[in-house]
Amino acid sequence: MSLTRRLAAEGIGSLFLAATVVGSGVMAERLAGGNSAIALLANTLATVAVLAVLIALLGPVSRAHFNPAVSLVEALRGSLSWRDTVAYVLVQVLGCCLGAILAHAMFDLPWLQSSAHVRTGPGQWLGEAVAAFGLILVVLGHRRSQDAAWMVAAWIGAAYWFTASTSFANPAITIARSLSDTFAGIRPVDVPGFIIAQLGGALLALLAARLLFRTQRAPAVEGPTTASTVAAPGRLESRADHG
Amino acid sequence: MSLTRRLAAEGIGSLFLAATVVGSGVMAERLAGGNSAIALLANTLATVAVLAVLIALLGPVSRAHFNPAVSLVEALRGSLSWRDTVAYVLVQVLGCCLGAILAHAMFDLPWLQSSAHVRTGPGQWLGEAVAAFGLILVVLGHRRSQDAAWMVAAWIGAAYWFTASTSFANPAITIARSLSDTFAGIRPVDVPGFIIAQLGGALLALLAARLLFRTQRAPAVEGPTTASTVAAPGRLESRADHG
Amino acid sequence: MSLTRRLAAEGIGSLFLAATVVGSGVMAERLAGGNSAIALLANTLATVAVLAVLIALLGPVSRAHFNPAVSLVEALRGSLSWRDTVAYVLVQVLGCCLGAILAHAMFDLPWLQSSAHVRTGPGQWLGEAVAAFGLILVVLGHRRSQDAAWMVAAWIGAAYWFTASTSFANPAITIARSLSDTFAGIRPVDVPGFIIAQLGGALLALLAARLLFRTQRAPAVEGPTTASTVAAPGRLESRADHG
Amino acid sequence: MSLTRRLAAEGIGSLFLAATVVGSGVMAERLAGGNSAIALLANTLATVAVLAVLIALLGPVSRAHFNPAVSLVEALRGSLSWRDTVAYVLVQVLGCCLGAILAHAMFDLPWLQSSAHVRTGPGQWLGEAVAAFGLILVVLGHRRSQDAAWMVAAWIGAAYWFTASTSFANPAITIARSLSDTFAGIRPVDVPGFIIAQLGGALLALLAARLLFRTQRAPAVEGPTTASTVAAPGRLESRADHG
């Protein structure tokens, strides 16, 4: 699979994911008449549904990361070259930002916004770390590639409710949400705290996965990752990892 | 599979789909006590559930399009003859209209109505294009035929919330909704704008799918489609495409 | 599989199904603060979930009918002997009634009640016929036995909302609901109208299924059904039909 | 699979399960504006989603019990040694309690609490027995290991609504909930009644499963269970049983 096509898949997936997160938040808040629980419920169901579809649809093309934390973990374990990782992350961030703009355009809102939604503090950072930890554990530990779609989606859906931060769990989505002064938004100044927590949780999950799942996997690639290693047939295509 | 039986399947599926969209909207609005978010949530869940069932049930018979935009795309890529496409579209429109009437009959409403629900403007047209784009991408890009049911349903369910137009994404359903002055309705005068946007999104998705998925598919049929091409075993039956 | 064990499975399944329908209605009405849409939403989700579980769990034992309309259709098409059909129906009705009583016991309500909930009129009868028609179509037309659980559950879930009668679609459940003066109840005097409509829809579906699915099935058993026909290996066990 | 790793899986799963039950209850109550039905709906969906993910993810490692009632039943039927059972139960209780504390930390609540939520009486005890009965029936009776995740989750989700006790169905979760004075809490003094009812329902289900499913299974292990029996390949790994 050429890098161009994989990046196209990452870009389209990231765009639709962010458009759903932001757009369904706008729709839900407009209709919910002030009841935030109903708004978050609709926001959750839309996110879960689109995430599962996008992973099943684009996983065979790009492995459907849509998430810099996932791409970083895959790079660290030797499943994605560092060159591809940089390209993935850039496209993910760009796609998510365009997705937020698309949502604004659909709802006749100003295309470029800056969120005033305060999301900060140790409780929310802990929530982001937990959400990202579980997400990476699912990405690294699921057994059948066709289960990744529903497992990732269900984890994110649950974490929307059981973490205090409503589980952004994705640096690219976090940046895109800072561009939307709507239900799903986050103040730009609060973005770094969220991203640091997400990456911390993701790295911890990489260690935990090695302990929990180690004998059930092919041995990790030792030494520096080379393009040829990553491009080897059967590795890139063997599973649809996600986020 | 004879054309008659395929048309029967398209008709029954379109009828139940429209009856669900319109009927669950009536029920939801009656019970929701003015909270449109709860009404749309119920409307969404009923639509998602019935769409998945109908695709799984009738896909093996007619490929379960239930949607002129899907049939048109299949004709353009040589998977459905133009003669069959015309018949499919007529039956889909007829089935959806009968479905709206059935919903009215069940809820003791006047059988024939004309909607006064305003749905227009660039934001909503963009929404319809996005919803149809994603739908066709799912129809053309899914890998396992048994996944079409949940993937199409989940996409539509998400798009009910993240598009400003609540994702009609189907010209036949759009026409049928114009005959219902209820929660799910649309003014007849707003129908053409929606259909043009849906077809535009669908055609764009046909191009995008060729880029994203081209090496993973059998080569597209070149030249004019003949009835014998379409009737070739293994093509018509190989996958359950949907809408 | 002995008849005793099959009847035990039908009884347990019918009991849990009715307990869920009635019990979740009580819980939902108590908590929903007068919003019937939220109450019906919770009632729907609980019913859908338990129906899918019970079909997957008990289908391999008794084929998981839990529904006299399904057993009757199976008898008419020669898949269940008339003797077994009578036993199935009796156990289904008994199990459902015990399920309603169990729900009352759990919620500290009088065990024996008579519903005052009016459910009558042509619109509701049409709704019951439509709901039962679709249910039987799913039972007879699904291709993979493992799909029956989610397909039956999703159909019933959708029909809770798109029919005016909230889709009882089951004579045994209808009788049991008449014993419960709660959210899910129905006046005893309204029961016959519902059951007649359900059986009418079911019989119509038997005809429709022969047209839609006939070449995809083993030929229907002609002539009178004998116990030996029904007991033939591969027939009784080949699929998990449901209701 | 070493006992250490299995216990790690039990601990992590129990922790996330309890964190979800407690955390989503806090979030739901904060947002729902006093409507308990919406709060319980969100609480249910989060629990169902995380339970399915955890079972699919950790079932292959530890069989994903997360529930002393399940481990006890597996010990009684000779599928888990008594030594391992004791270790499983201790880790489950510890994990669940840490999960409640984690939820408190995420929501900036006091880490250690004592619930004042009254949950007692014959109706609720009956509810717990029914919920545990059905859970064990699903654990022992499901046919395909990959179905355990959704079947267990769907059963628990339904039982949240159709039992008067909202289906704790798990002694470890019950103890952990007594440490949380939030939506999901239970007074410490009410814990023994719940646990006794759960174990009673579980034991009854063990008997019922032998009647319902006996010819479809390998013969039960007779005589005392030894470590070597349990460690035999093909038994421990053959299915992912859950709770």
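Should a chain be cited, it is by its letter among A, B, C and D, assigned in written order, with residues numbered from 1 in that chain.
Note that a residue touches a chain if its C-beta (ideal position, glycine included) is under 8 Å from a C-beta of that chain, and two chains touch if they have at least 3 such contacts.
Bear in mind that the values here come from a model prediction, so they are computed numbers and not experimental data.
By the document's definition of touch, chain C and chain D have no common neighbour. Chain centres here are means of the Cα atoms, and by that rule the chain farthest away from chain B is D. Homomeric contact chain A/chain D is classed as different-residue, with under half of its interface positions used by both copies. Rounded to whole angstrom units, the spacing between the C-alpha centres of chain A and chain C is 41. Separation between the centroids of chain A and chain B, computed from CA atoms only, is 29 Å.
Each of residues 35, 38, 41 in chain A touches at least two other chains. The touch graph of these protein chains is a ring, one cycle where each chain has exactly two neighbours.
Against chain C, in their complex, chain D makes its touches with residues 34-38, 40-41, 44, 48, 121-124, 126-127, 130, 134, 137-138, 141-144, 147, 150-151, 154-155, 157-158, 160-166, 208, 211-213, 215-216. Interface of chain B with chain C (complex): residues 1, 5, 8-9, 12, 16, 19-20, 22-24, 27-28, 31-33, 35, 38-39, 41-43, 45-47, 49-50, 52-53, 56-58, 60-61, 102-103, 105-108, 146.
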